[in-house]
Amino acid sequence: GGGGTADDGAAANGGAGGLPSEITVMAIKDETGAVAFTGLSTLKGIDLAVEQINNEKFLGDTKLVVENRDPAGKAQTAASMVTAAIQDQKYAAILGPVASDQAAAASPIAERGKMPIVYTQSGSEGVVIGEYTFRATPPMTSYYPVISDYIKSKNIKSLGIVYNTSLPTLKEVAEKVLPSIGEQVGYEVTASVAVQMTTQDFSAPISQVLKTKPDAVALLLVGGQNPTGMRQLRQAGFDGPVLGNTAAGAGNLKPAGEDGAGMAWPTDFHPDQPGESSRKFVELYKAKYGEEPLNYAAEGYDSVWWLARAVKEAGGASRDAIKKGLDAVAAQGFDGAMGKITFEGRDMRLTGTVVEWNGTEEVLAGSAS
Amino acid sequence: MTAWYDSNIILIQSTFVGLLTALSLQVPIRFGVFSFAGVGCYGIGAYTTAIIVIRLGWPAPLAMGAGMLLAAVTGYLLALVLSRLGGLYLGMATIAFDLIVTVVVANGGELTGGPSGLFGAISDVGTVHVALTSLVVVVLLALSERGRFGRRVEAVREDPELAAAMGVEVRHYRQLAFVISALLGACAGGFNVLLRTTIAPTDIGFSLVTLALTMIIVGGSRSWAGAFIGAVIFTWLPSVLEFSGQWQKVIYGVIVALAAIWVPGGLLGVITDAYRSWQRSRRAGGSSDVGPGDGDRGTVSPRAEGTPA
Amino acid sequence: MLQDLINALSLGSIYLLFALGMSLVWGTIGILNFAHGAIFMFAAFASYVIVEQVRLPMLALIVIGALVGAALSVAVQVLAFQPILQRAKDLRSGEMQILIGGIGVAAIPLAVAEEETGSNPFGFSASSYATKTYALLGFRITNTQILVVAAALLIAVAVIAWLRMSRSGLALRSLGVDPETASLMGVNRRVLGLGSMAVAGALAGFAGVMLTYHLGAITPDSGDTLLIKAFAAVILGGVGSMAGVVVGSYVLALAETIVLTQTSGLWVDAVSFGVIFAVLLFKSEGLFGRKEVRRT
Amino acid sequence: MFEIRDLHVSYGKVTAVRGMTLSAEPGKVTLVLGANGAGKTTTLRSAAGLHKPDSGSVVLDGETITGLPAHKIVKRGLVLVPEGRHVFAPLTVMENLRMGGYTTARGETGAILDRVFEMFPVLKERQDGAAGLLSGGEQQMLAFGRALMAKPKIMMLDEPSMGLAPTMVDTVLSSIRAMADSGIGVLMVEQNAEAGLEVADDVAVVARGEVVFSGTAKEARSNSSVLRAFLGEAALVSES
Amino acid sequence: MTGERMTGNRASSAPLLQVKDAAVHFGGVKAVDGLSIELTEGKIFGILGPNGSGKSTLLAAITRFVDLTAGEILLDGEEYHTLPAARVARRGVARTFQTVRLLPGLTVEENIRLGADRVGGRGGADGVREAIERTGLKGLERHRPGELSYGVQRRVEIARAIVARPRLLLLDEPTAGMNQSERQEVSALMRELQKEGLTQLIVEHDVQMMVDTCDHLFAMNFGKLIAQGDPAGVVREPAVREAYLGKRWSQHV
């Protein structure tokens, strides 16, 4: 990452008299419980960014300090952490929780307490609700259309959909995004079957969809459901292309073995994606942790950079200054781990990349074949 | 003190909401009605309140009142429809009702916001309101646990046939249990949505049933005080256990299991027993000449005495 | 159509395998074990951990799963349920304690598995058993599906016969009615209670391994999801009736499949629980349950 | 030979039995009389292993069985028919009887079952019905028949005639007598003293947890205080 | 209380309770099978009959715990077939059960008070004390039923039934498990209650006590009435002797 260019945005903030020696931020990310996986990965990205910012003296002599709190999957715990942070003047901003329900509980409190809060993940509605709420993960629905090229390349003319209706994002992709892509690239949705969070056996919905003989199937399921869905799809005799979602990533498809191969989905980040800023992030990450970063880490990383740029932009570390800084940075966009980042209001946008599971790992869709 | 209050305001509010939710399951259990419909009514109350506040912009108390009314009617209808069921069969039927409510709101489209639920039910309802309401509820319930009404409830629970032979209209008491449970559930749901400004289908599922049940079993299922103890413990335990990091769930589980094993009457039972034996020893030590005839002059029963007011 | 039936049959068999053990101890000694789901999951998880180290065939994993399940179940009985029953004033209050005790205990294996897997799905891809698909007469069925259905039905029949015909089965039922009097007939409460919990645990472990093979992968919280379905299946069939569990499991699976094939699947849960609601309305003790024997 | 020696039993702080000494012999019926709350039931339950005594011993065939669990005591041939019937309500009559024969060798149950059915034809009629639906007296018959299925050496009966019609009292008591004659030892608590005395060999009277009178049935009949307490004033007049 | 009700009763000639051709069948079991009896005010009635002859079922039908298969039952000449059990109880029909039914969580006093709630008010409190004294339960008020011996539990049941001063008291084997002298106390209590105008219907297997206590006996077998009339006469009937009394009693009489 390079330094942000100071322009008239900073001047508009009234330029507070320099920065304190430390800026403390609370990170509310699950380290235990059902979404611990996401939270822990995000924290790795956050730590990397903090280290980099402090080493590079991006904020001069000012040090950025992040304190982790674990809401352990509970919205109420997350909410009370936000309240505590608002009370404690030490905290300049919050890196908000990754789960939507926690975020939705936290947002109104942060809003009322005038505390800037930057989320990652938490893709549902009701999270970015006002002036103080920001999100450093683009909603899946915004970059899902990047899969259009992939669909064209596979010459898909008809699509069957099995989707988890309990998840708002997946529901929207299945009911709105995929049909509208179909109108553009010219395929027909032949069947659309909803399953629940509690569904474990997908043979019935899959055979329901396969009855319509589609060229491709979209399996829009949550993490643990993906390997089973893929396996049963293959067992049911379907060997065409499969569209998925990011929840299939992060090794979730491993248990499906060979059967998992051939599922493709758009993601906001992949370690192999081109672009200078992304390459640099991956390099640093590998050096620090000895593994490839996941998208959650990239999001965490970018969220911290957004914050740091905001501080610099505003030239102050008060909550209000940070809020204005975040807005200012959002107005310009920046190059981050996830590539060229833009914003719509306080919500992140980017083009996205299509990746494919080849049975053992995620590869960029182009390079797969 | 105020600093503590400010930083724990969410937990304080949650304690009261938890208390009301726990009571919505405890009241029917105390009546011998194994109904979990209170949780479904929590959903009805929460969604009705949220929809009215967001879409119609009515004042919060009116919206909550509407939610409670709708829930009470639903509760009464359930009581009529399920009158032949007992025991865990009733439990399952009411859980089925709860889950149906969940699915209905998840598929309610625009009106209920579908799986993502509703946001922005902003109002000026605060801690004072939920605390005062809880206080009123608790006072009323405490009264219902004593004297004639309390005895009758006990009879309806322990032996409905015997109760009938004593002239108690068991059917009416059961219906009453359903309606009270619905009102309490809807009240809890309404408060929760107004305090948190949001509600989603996942907030009202099976896990809410187990949480409320855990509260009343560990706290004590025979009195409101048990529900209160349970609500306090299980609202605050997660933040107390925060230090234990990844093993938080294990510790939580161990605590729940130990409570189930070691305190069969709930924590309230432990407190009452201790109080009673302390009282007995004091009585024995103080005046040894209390004849048995003196016993029936006091109209306050030992049970009622044992309940910390 | 036939394919739908096959799917319903295998889904029902999974519910059945899971529900059998739960129903066995619930319908006889009155223990509604909410840790059953965790035992089920943990047995599969333990098998997974082992198979990742050593490549094993299906039979070996089944044995491991059943043993782990039995051991866990016995542990739960000894550490939690027995002390609860010893202390409980009456059967009914004991019932509630057991419910909550089970919920508490279940958190422990769940937390361990979540910690180890990072809440990710796990499966037996390292096992030497391979799923094969047979396509005949226009429908498809896997060897695992056939095994699941056959195992579920066989075990159900065995359990039914055991409870009906054998002395120990009868003793188990009497133990649930009146443990004290049963001991006056010479029944060793402790041993029989442990024995039946071990059987239930072994069934859970077996179900866990079979389901993991069938689905390819399960997650740490798979057990909880099945728990409520099994609970429904048992109630639907009538508590205490093993034949009822069989019917309850398949009716539930069939209802879910029908809703799915007739609608877009949005209402599956509502309808399957609606079925339970409706059945209970018309037959208040479940399909095969006996009316409570009580007279004035 | 079966003996309860100097038994003390308490419930928490309440002592229910203090120094109870009773015995039963094969071939004899020992009748225990006593007011409500005298500790009769407590004594029998302790001997059967359902309640742990504070002190004292229970001896069967020269071996001390105090404190053994109930199911082990049954296997040694000491069987209790509990107060208040305690049939397994949801099980059928037949299943109740099969439960009675839980410790009996399989080959032998058939013959005993025939005897039970002969004694109580109504049980045969209702063998597939739920035991809980039987009338009170019918349940008492079932409880008694169930105990017979265990082939006891010593049988303890807690108020076997409670709720039985006079004809049935006769049937049950004479079958108790017949059992004793066939070599079983019977220790019987009975409130129906008149009927009990007709079949008893020995009598013990207990009060407040201990034995206050013991002797043969004949001695009991001539003891006016026993008679007054248990047979009523009328018996005293007619007898003397 | 009782007084008001009695004067309010218009036709003193009409019996308090009439059972007309009543039948109660459970599947194939004909527990009560075409039985008619009448209970006039102020008397003690008794029912004798072998085990399983339908006595308890008859009491259950009168108190509306089971539905009649056929026939009718009238209280004060009024049919009450459709009333729920609780309403029958509130009309002054009290009962005890063959198996003791007390609430384990309440003390003896509270258990009895439960019966008094029907009357309510201050009279209730006095009534409770009186019932406790009459049944010899003084000193046990604060015990819980589980701590009491069987015979004492039965007395608590009786106290609970009489505390509300019912018009008709149905007792199902009230002295089972009591010894002779205790039975005599209960019998004396019934007589005393009769003097206060309480009509009673007692099911009991202690024939001597029944003969001594009752004004009128019914004998049942197979759900039917086989004899009725004055006690001494009924126990002499050959049908009663054969079906019910057995050899010892037959010698006696």
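Order as written gives the chain letters A, B, C, D and E; numbering starts at 1 within each chain.
One rule holds for everything that comes next: a residue touches a chain if its C-beta (ideal position, glycine included) is under 8 Å from a C-beta of that chain, and two chains touch if they have at least 3 such contacts.
Please read all numbers here as calculations on a predicted model, not as lab measurements.
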Touch-network distance, chain A to chain B, counted in steps = 1
Centroid comparison with chain D (C-alpha atoms), farthest chain | A
Using C-alpha centroids, which chain lies at the maximum separation from chain E?
-> A
Quick one: chain B and chain E, Cα centre-to-centre, how many Å?
-> 41
Centre-of-Cα separation between chain D and chain C, whole angstrom = 43
Rounded to the nearest Å, the gap separating the Cα centres of chain B and chain C is 30
Gap in Å, rounded to a whole number, between the CA centres of chain E and chain D = 29
Residues within chain C bordering two or more other chains = 89, 111, 114-115, 228, 266, 269, 292, 295-296
For chain B, what residues touch not just one other chain but two or more?
-> 107, 161, 246, 249
Chain D touches at least 2 other chains through residues 133
So, in the complex, the side of chain A touching chain C is made of residues 32-37, 40, 165, 192-196, 198-201, 203-205, 207-208, 223-224, 226-228, 230-232, 235-237, 250-252, 254-257, 259
Residue ranges of chain B in contact with chain C within the complex = 81-82, 84-86, 88-89, 92-93, 95-97, 99-100, 102-104, 107, 161, 206, 210, 213-214, 217-218, 221, 246-247, 249-250, 252-262, 264-265
Touching residues (chain side chain D, partner chain C) in the complex = 48-50, 69-71, 74-75, 79-80, 82, 86, 88-91, 95, 98-100, 102-103, 130-133, 146, 150
Counting only contacts in the complex, chain B reaches chain E at residues 148, 151-152, 154-155, 158-159, 161-171, 222, 291-293, 295-296, 299, 301-303
Chain E residues within the chain B interface of the complex = 63, 65, 84-87, 89-90, 94-95, 97, 101, 103-107, 109-110, 113-115, 117-118, 120, 125, 128-129, 132, 138-142, 160, 164
